[in-house]
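Letters A, B, C, D, E and F mark the chains in the order given here, with residues in each chain numbered from 1 onward.
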Amino acid sequence: MSIAVYPGSFDPVTAGHLDIIERSAKVFNKLVIAVLVNSAKTPLFTTEEKVDMIRETTKHLNNVEVTSFSGLLVDFAREQNANVSVRGLRAVTDFEYELQIAQINSKLNKQLDTMFFTTSIEYAYVSSTIVKEIASYGGDVSDMVPPYVEECLKKKFGK
Amino acid sequence: MSIAVYPGSFDPVTAGHLDIIERSAKVFNKLVIAVLVNSAKTPLFTTEEKVDMIRETTKHLNNVEVTSFSGLLVDFAREQNANVSVRGLRAVTDFEYELQIAQINSKLNKQLDTMFFTTSIEYAYVSSTIVKEIASYGGDVSDMVPPYVEECLKKKFGK
Amino acid sequence: MSIAVYPGSFDPVTAGHLDIIERSAKVFNKLVIAVLVNSAKTPLFTTEEKVDMIRETTKHLNNVEVTSFSGLLVDFAREQNANVSVRGLRAVTDFEYELQIAQINSKLNKQLDTMFFTTSIEYAYVSSTIVKEIASYGGDVSDMVPPYVEECLKKKFGK
Amino acid sequence: MSIAVYPGSFDPVTAGHLDIIERSAKVFNKLVIAVLVNSAKTPLFTTEEKVDMIRETTKHLNNVEVTSFSGLLVDFAREQNANVSVRGLRAVTDFEYELQIAQINSKLNKQLDTMFFTTSIEYAYVSSTIVKEIASYGGDVSDMVPPYVEECLKKKFGK
Amino acid sequence: MSIAVYPGSFDPVTAGHLDIIERSAKVFNKLVIAVLVNSAKTPLFTTEEKVDMIRETTKHLNNVEVTSFSGLLVDFAREQNANVSVRGLRAVTDFEYELQIAQINSKLNKQLDTMFFTTSIEYAYVSSTIVKEIASYGGDVSDMVPPYVEECLKKKFGK
Amino acid sequence: MSIAVYPGSFDPVTAGHLDIIERSAKVFNKLVIAVLVNSAKTPLFTTEEKVDMIRETTKHLNNVEVTSFSGLLVDFAREQNANVSVRGLRAVTDFEYELQIAQINSKLNKQLDTMFFTTSIEYAYVSSTIVKEIASYGGDVSDMVPPYVEECLKKKFGK
């Protein structure tokens, strides 16, 4: 039985993240989406809001759970009995960083392997950072996030 | 049920390939290793020799099959009812090429997704091409291929 | 007045090339598409067939000319009074090679600058090489080339 | 008629930027240099100082205008009736970021295309960040910025 | 006589840094390890602690000196009569940045050349940033830093 | 005492190679330039011509020797008592390949380390392949090779 974790900031979840989630849910028996609580960064959304947005937009997927964690991914994965960490890859600079993290994680937890999907071409340009930038100026992000997240962004920016 | 194909030239199979095979066999229910018959290239080993070397070095893995194919991977995957194509990633230039192939394949066969493992760090420098180059000059490749393949290389090069 | 050349092998012209051609035709007063005659490579199509396919698929563009050349691009551009060489960029490895060529060309012909478009996202995976590979196995390339080129490929491969 | 915008931080304008400006001014009918007002960053120079330095060093170019903007580039370009956004490319990591931005912008404003020049080789190492770092320690930046900007840097750092 | 400087933040020195130091000490007559005092960043360790950790872990190397510097590397190298700056390279994005710095430095000090070692494969994943992140959560970094540095990290994080 | 080898095809030696040679000759006690005899490739110049061109253009350097070798670099380096292999780096794709070779070589010969110089900016665009391409069409390569090599190229191409 394959249990995968999909860790990330998800500030907020985008159409690109959902694409990875739906494809992972087909391949693994169970997928745990894990929102990283990182005290060093100042996110736009609270951890609760992030978890809520992912739950709302993945409720059609039976084998998906959404939660949050702090600390090292390898420790969280061990608690979840996960044997795979799932990551999406977009660009070459992503790849190098992800490669380094995958190597560190396999060193720290020998039971945890990392597998990569490449982002579907129609979401290759989407990132949470760009979505927030465009939404903050009232630009149209309806192709980049699910409708529920679009609403949450409008509320945040008061537009 | 997840059925994965792992396509490649495998001329010959290396310790790096075996690392990907063993890790894939843990994640997927069934793994089909598929030697690509490419009439345009002149390989060192025949297709039969390549298949034999992989079978010999993966016989401890129950859910692994070894075969060969010609034509498009997407057609072969459809015949095998595979929903995942597995690829190993080593370097940035690998990544770009693999990304392009993954996008083409998902366009040609919507049922086939591509997942990537990154090569374990101890095999990051190993490739079939380098193994053949070193073996052709009588250099030591015992860390780079399984013992059975090392013997096959010695026979080929008459050393 | 800006006169641009767009040099390439075009073996055959793809939907990605046409995208660059249409976008260039909007920006420059005149665009000269220049099929490189390279005796060192064995193309699938003859130079005449390549020129014919481009003419047929660009006849709706008034300020576009199609021709062929051999020798150095910088000499051809000088004959055409062109001040810009247009290139499409897809990937990081493309970029490095193109950067080197642009620097050499600006050294050899100070009147010739190089400008780059990035491939539209829906054609990011398309290349002449991949189109030929897929068409040779009877795969579907209708999204990757114009209908006229699709017919030419079918004739070539007798399918 | 081709109208191009060249957006950037220009904190301060460097010899590399001027190289792109002079080459763009030859290709397009009109070039609008647009200093981005980004409230999130703390620049060394004020927007007014940045605009002044660019005006002073481009006054020999008839078809160049200098101004500032805030918000999304696609909206600013629409107001200016610009059909091209000009960008300079130096390195591979630049390229990936610029590619993403170009794709987002073409999605948000279909009338706006992005064209890239590669930095001339003698300015390949120059960036505003490095210029400020060197100037802050009293190092020699006379090859990296125009004389007027060198004076402005000396005043800023009181040297 | 070759005198090399090896500049860096060393916050803290890692097994990867030590690998570069030991290899450099074999090639050059004298090696000066130079801790950069950068007022803009907030390091975990003080400059004194950083110098102490490097001295402690390099005391078996006769031709190595450890010191700190502020300002431009090229000025420091001139004071030390150094003709080489040594850098370790891990990844492609490292490489681009390092290439730019090497070009700037050779411009500012013609007597100073830059030479690169690539990190040994077993330390390819190690960086000061990742070491601090793992140590802050009580993770095991004994393969990534010398024992003396591991102790210093435990004291810092009170674990 | 540091003895370095600088291996390569040198078909022919370019101004970029000479730049690396002169810089290496300053750092190492002795530099052995080693022309690789590769039976698989068809070079423009014979091994004797290649060695002759390098000897002719490096005769002002006292600590430089020029020779040829076949087989594995690690074996040749051992015979020469060399402890360093010198390589020039130009681009990101160069870097990845060179990194792989460096790791293989350090595995095969623990006494041999690899050090990299980055090409000086004025030669960043120069390669033997491009020099041959331009010279074959009678283009001007006087900035890219020493005068003696320019003469040899003219003789080869009968121009």
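The rule we apply is simple: a contact is a pair of C-beta atoms (placed from the backbone, for glycine too) under 8 Å apart; a residue touches a chain by one contact, two chains touch by 3 or more.
Since the model is a prediction, treat every value here as computed from it, not as a measurement.
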Item to check | Required steps from chain A to chain D (each step between touching chains, minimum) | outcome: 1
Checklist outcome for this item: In contact with chain C as well as chain F, sorted by label, we have B, D
Checklist entry - Degrees of rotation, nearest 5, to put the Cα trace of chain B on chain E? => result 180
Next on the checklist: Let me check something: if the centre of a chain is the mean of its CA atoms, which chain is farthest from chain C?
Outcome noted: E
Checklist outcome for this item: Most remote chain w.r.t. Chain A, using mean C-alpha positions, is F
Checklist outcome for this item: More Cb-Cb contact pairs, comparing D-F against C-D, go to C-D
Item to check | Gap in Å, rounded to a whole number, between the CA centres of chain F and chain B | outcome: 34
Item to check | Where chain A and chain B are represented by their mean Cα positions, the distance between them in whole Å | outcome: 30
Checklist entry - Residue numbers in chain D touching 2 or more other chains? => result 92-93, 96, 103, 121, 124-125
Next on the checklist: Per the touch rule above, enumerate the chain pairs that touch, sorted by label.
Outcome noted: A-B, A-C, A-D, A-E, B-C, B-E, B-F, C-D, C-F, D-E, D-F, E-F
Next on the checklist: Touching residues of chain F toward chain C in the complex: what are they?
Outcome noted: 91-93, 124-125, 127, 130, 134, 137, 139-140, 143
Item to check | List of chain C residues in touch with chain D within their complex | outcome: 2, 23, 26-28, 83-84, 89, 92, 95-96, 98-99, 102-103, 106, 113-118, 120-121
Next on the checklist: Please output the residues of chain B touching chain C within their complex, sorted ascending.
Outcome noted: 71-72, 74-75, 92-93, 96, 100, 103-104, 107-108
Checklist entry - In their complex, what parts of chain E are in touch with chain B? => result 92, 121-122, 124-125
